[in-house]
Amino acid sequence: MTLTAILIVAAALFGIGLFGALSQKSFVMLMMGLELMLNGTLLATVGFWAYSLGGLPKGQLLAILIMAVMAVELAIGFALVVAVYRKRQADVIESIKTLKN
Amino acid sequence: MTLLTVLGMLVFLCTSVWLAVALDTACRGWISGQGADRADGPLRTAALWLTQQRLTTEAPDRMNALLSIAGYMALALTGLALVPLGPDTALIALPTSVVLWGACEALVVVVVFLHGWSPNAPLAMIGAYRYVAIGLPIMLLSMFVLIAAALPAQSLDLRDIVTSQADVWNLIRQPLGLPLFLLLGLSLTLRGPFDYADSADLAGGTSVEASGPDRLGWQIARLAMLTEFSAMAATVFLGGYLGPVLPGPLWIALKTLLVMTLVIGLSHLAARMPVSRMMSLIWMILLPLSFADLIWAGLVAL
Amino acid sequence: METILTLAGIFALTLVFVVGLRAAGWSDFAGPSTAPQQRPVLGGGDPQTHAWQRFHARYYTMTLLFVAFEMEMMFMYPWAVIYVAEGGKALAEMGMFLAILSVGILYGWREGIFKWE
Amino acid sequence: MGMTWITRLAAGARVPVFIAMGDGAPAAALTLSRHPGLSVVDTPRAASILLVAGQMPDALIPYLHRLHDQLPHPRATLLWQSPPIPSLPDAIAVDADDDIGRAVADVFAAVLEGKRASAPDILPDAPPSEWRGVGPHGQGGKGMMGGTPYGRPMAMTDDDIRDRLALDSYTAAFGPFLPFFPPGLVLTLTLQGDVIQKVVVTHPPFDHDGSPLATLLNLLGLPALATRSLGDRADDPVLRRLIQLSGARFAIPSGLGRLPDGSDVRTRFDRMTGAAPDAASQDAGDTTLEHLLVGLEWHAAMLVLCSLDPATLRDICKNSDTGDQDETQGESESEMHAGHMS
Amino acid sequence: MTKDILFYALSALAIWSGWRVFRVDSMIRATFALMVSFIAVGGIALLMSADYIGVATVFMMAVEMMVMGLFMVMFMMNPAGLNPMQMVHQYRFSIGAGIAAFVGLTVAILTTPLPDNPLPPGGDTLRDLGFELLGNSMLIFETAGVTLLATMVGAVVLSSASGRFGSAGQGSVPPGLTAGGPPAGRTAEDGKGHGGHAGHGMSMQKKPAMQAHDDHGKGH
């Protein structure tokens, strides 16, 4: 268990998340991709904190902020989904593009 | 030593599950004026469920049906493993055990939801969704109450929380704490006024489709959760293993049974209200009360 | 490390227990369910569709509020540990933090999100 | 098959009974939950014995069949004060003056010991509709929502009356054998989430008094008090005190299920518990179930349904949409149903 | 040694369940697969003696994924995956991007010299974090409070049915499939005309919208 191994796992999670975020048509599935990318980021942050920052408290704070970002993303994202669904009765990304009219 | 502890806890768990059923039927029999069941009643009902056929529904989610029962039980056991039995005896010794227990609470909402989701049946689904509406906000109460208990201990470790009660129990320090915490317990164990998952107006809610061994597993898990919750309440509010003369583990066992009796009695004597009304009640009345509890505890701790 | 091993052990134990309950062969009737047995319980009625659907959870706005509000716990746990050491300053800080978030709850209440939509 | 130690143990358990209330069920059927040897269960999944109490009208026989098959094996059916039902040849008849507890326990022991065969299914073992079809996975249709996967179509979106968020609706016949439904009542409900959007009375309730207070207390999560209320002591001061303590009155939202005579669920509950003087009779006026139930969440709707006294409920059902009054809707409803079943 | 085995097991679990998120049909399974991935990461953090962050990840993510599950079921067609699901676009490109990101990051990790300054043993990391919150990073802490308030208000405004600007129901008339055509997806009333085929009529109504999805789905 080394920092390199941890970062590679984090990169794998990030890569899968990126694939999901790009490939999914549904807005809610896209958010899952984003969450998975943040998951990888979280792992990398904790890894750096434990192995190369000597337990700097700011590292932990950053991890908490990543989780806060996830919470905000989730709340606002789903509120948007609800708003769009009310207008369009659909949740796919294409329908947001035409929201203007 | 660890093995001995594990065995002791499993024996205690079995006994208290039995006792919980006995207390429950006795309480019900006493209130209904019908008289108690025989002492071996629970065992015989369990045997009957084991001999019954296990039914499945149309296109069920088999994996989640299994995982929800096992998961609910596992969460109960995890909570029990966190309870300190002596100054340095806890199966899971973690400096952040209060947070871990919070995680268990959060996962209870997930497994109960899955239990209602997996059979693909309407009444079970309604039960599952209702439980989420109550199970999520009521978690906030317990978080504030537990944080208030952590203030004087200056630690999130349950072992420190017990030692901080050497002079005075948290029951006295934060008088609102235990009542609020018991409400959470009713919700975690799916009982009485907080029985939104398995309620009678849904013919059994999330467990309406459970039959045979699955019904047995779910009931055991519920009772294990009741034991676990009572042990946790005894640890946080009643000084855990602390007590004169008797050895520590015996004290915690006795206190656990005391809290258990309280929870069971409460569950038979309080009425359940429609879920939307309860949701408003939690957010608008109980949550401010838990704020008040935290501030009270904060002022006392200074 | 011990924590993770213990947790894994507990989960394995309960999984084995539940699978054991199902597979112990104590029942003479352990066969698969027939189609009429599989029908969901509706007191004799029969549904037109599957129960799995785009389920209208009436409290969806509350859950969003909850997710944001619950985030504050992450800050509160470390706060609780140093509360006694920091004293009044800590109380004031957290009081302010909670007051800010309570405004959100009050706003939600005013908009009626704790009712069934 | 035979007596293993575990069946011997199981044979001594309280017998789990599911009661199917028919027309003119014996009065004792209502207080069966007070019987020490029986436990009256909420769902057929937990029962070993199906007890048909009273006469079952022909219209409800198909419902009885579906219920019968939902019990897990080993199972048996008893007909209590009911004429024989041809489609249930194995059912055991019990007379009015027989000791029902004894009869149930005997049948239970016999089935468990293997002396009596567990009752076989009545309905054929086939999915509700044919579904091996067009799709690449045999789901019977194209696309994500098409066809009848596993024998049933998927729910479709419908307008929502409460917050206009058009999500899926779920339509099904509920009852007559739900433990909290007035005996005999079958409602075809359309739900969105747990809110009722549409009510059609498929079968009216029997002319049968039931035990509304016990049902209401059960709905309020007070099963022990419900059993107590079934006791023979007419005016039980302890019961009254305990109901007061439980906060049952507060648990019922005020203004719920208001009738033209001004009474709501709470006042009707007060009358039942004796906290308020009994009104001569409720006046339903031209209230329909639609008025009372549509837009309510499930628990509240059930409270309204069970708070009505049986005569009033029957009047209301007469006023309400019974499926064939509204010609087009009834037809499309039943044909749609048939279409899925065939 | 045990620690290494645990680390590899948890990593495998995190990656596998992360991958399952996009491969399962049932939305509930997808959501809770993601939760398992988070729990595994929390476990790894616990192995690195991040006692607080590790456990708190499990705590927060269990709740968030529960909420996510509710919304997934609300807004996805066929939420339980009764029919096979494939709602993807630009599939090949996405796979390429995912792999490229992974390879790129891995190469960067392997070639960059990482500072080696491990966590000193025996420190109380939770207390450190607490002092940081009330000391140097107080501004971050209070800013987070305001941000969360803004999130709460924003979420309520966007998703609530009855806002100050009138009922959101006014906006819920679905658009026509063709310009100025009849609203799509309104099946209840339309379905009646189809009589005996009402059930199938509903799926016919839905078809144009679904066809579009299918066309995109074929890309995979």
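So that you can tell them apart, the chains are marked A, B, C, D and E in the order they are listed, and the count of residues begins at 1 in each.
As a working rule, a residue touches a chain if its C-beta (ideal position, glycine included) is under 8 Å from a C-beta of that chain, and two chains touch if they have at least 3 such contacts.
Note that the structure is a prediction, hence the values are computed from the model and not measured.
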| item | value |
| --- | --- |
| Touching both chain B and chain E (chains) | C, D |
| Steps in the shortest chain-to-chain touch route ending at chain E and beginning at chain C | 1 |
| Farthest chain (mean CA position) relative to chain C | D |
| Identity of the most central chain, Cα criterion | C |
| Centroid-based (C-alpha) most distant chain relative to chain A | D |
| Distance between chain centroids, defined by C-alpha means - chain A, chain B (Å) | 33 |
| Computed distance of Cα centres, chain C from chain B, in Å | 14 |
| Mean-CA-position distance for chain D and chain A (Å) | 46 |
| Rounded Å distance, chain A centre to chain E centre (Cα mean) | 7 |
| Multi-chain contact sites of chain C, meaning residues that touch two or more partners | 3, 26, 28-29, 31, 37, 39, 41-43, 47-48, 50-58, 60-61, 63-71, 73-75, 77, 80-82, 105, 108, 116-117 |
| Set of chain D residues in contact with two or more other chains | 6-7, 43, 45, 70, 72-74, 127-128, 149-154, 156-157, 162-167, 169-170, 172, 178-179, 193-194, 297, 336, 340 |
| Chain A residues counted as touching two or more neighbouring chains | 64, 67-68, 71-72, 74-75, 78-79, 82, 85-86, 89 |
| Pairwise chain contacts under the document criterion | A-C, A-D, A-E, B-C, B-D, B-E, C-D, C-E, D-E |
| Residues of chain C defined as touching chain B within the complex | 2-3, 6-7, 10-11, 13-15, 17-19, 21-22, 24, 26-33, 37-43, 47, 50-52, 55, 57-59, 62-63, 66, 69-70, 73, 76-77, 80-85, 87-88, 91, 95, 98, 102, 105, 108-109, 114-116 |
| In the complex, chain A residues that touch chain C | 64, 67-68, 71-72, 74-75, 78-79, 82 |
| Partner chain E, residues of chain A touching it in the complex | 1, 3-9, 11-20, 22-29, 31-33, 35-36, 39, 42-43, 46-47, 49-55, 57-58, 60-61, 63-65, 67-68, 70-72, 74-76, 78-83, 85-92 |
| Residues of chain C defined as touching chain E within the complex | 1, 3-5, 48, 50, 52-57, 60-61, 63-75, 77-82, 86, 89-90, 93, 96-97, 100-101, 103-105, 107-108, 111-113, 117 |
| Complex contact set, residues of chain C against chain A | 60-61, 64-65, 67-68, 70-71, 74-75 |
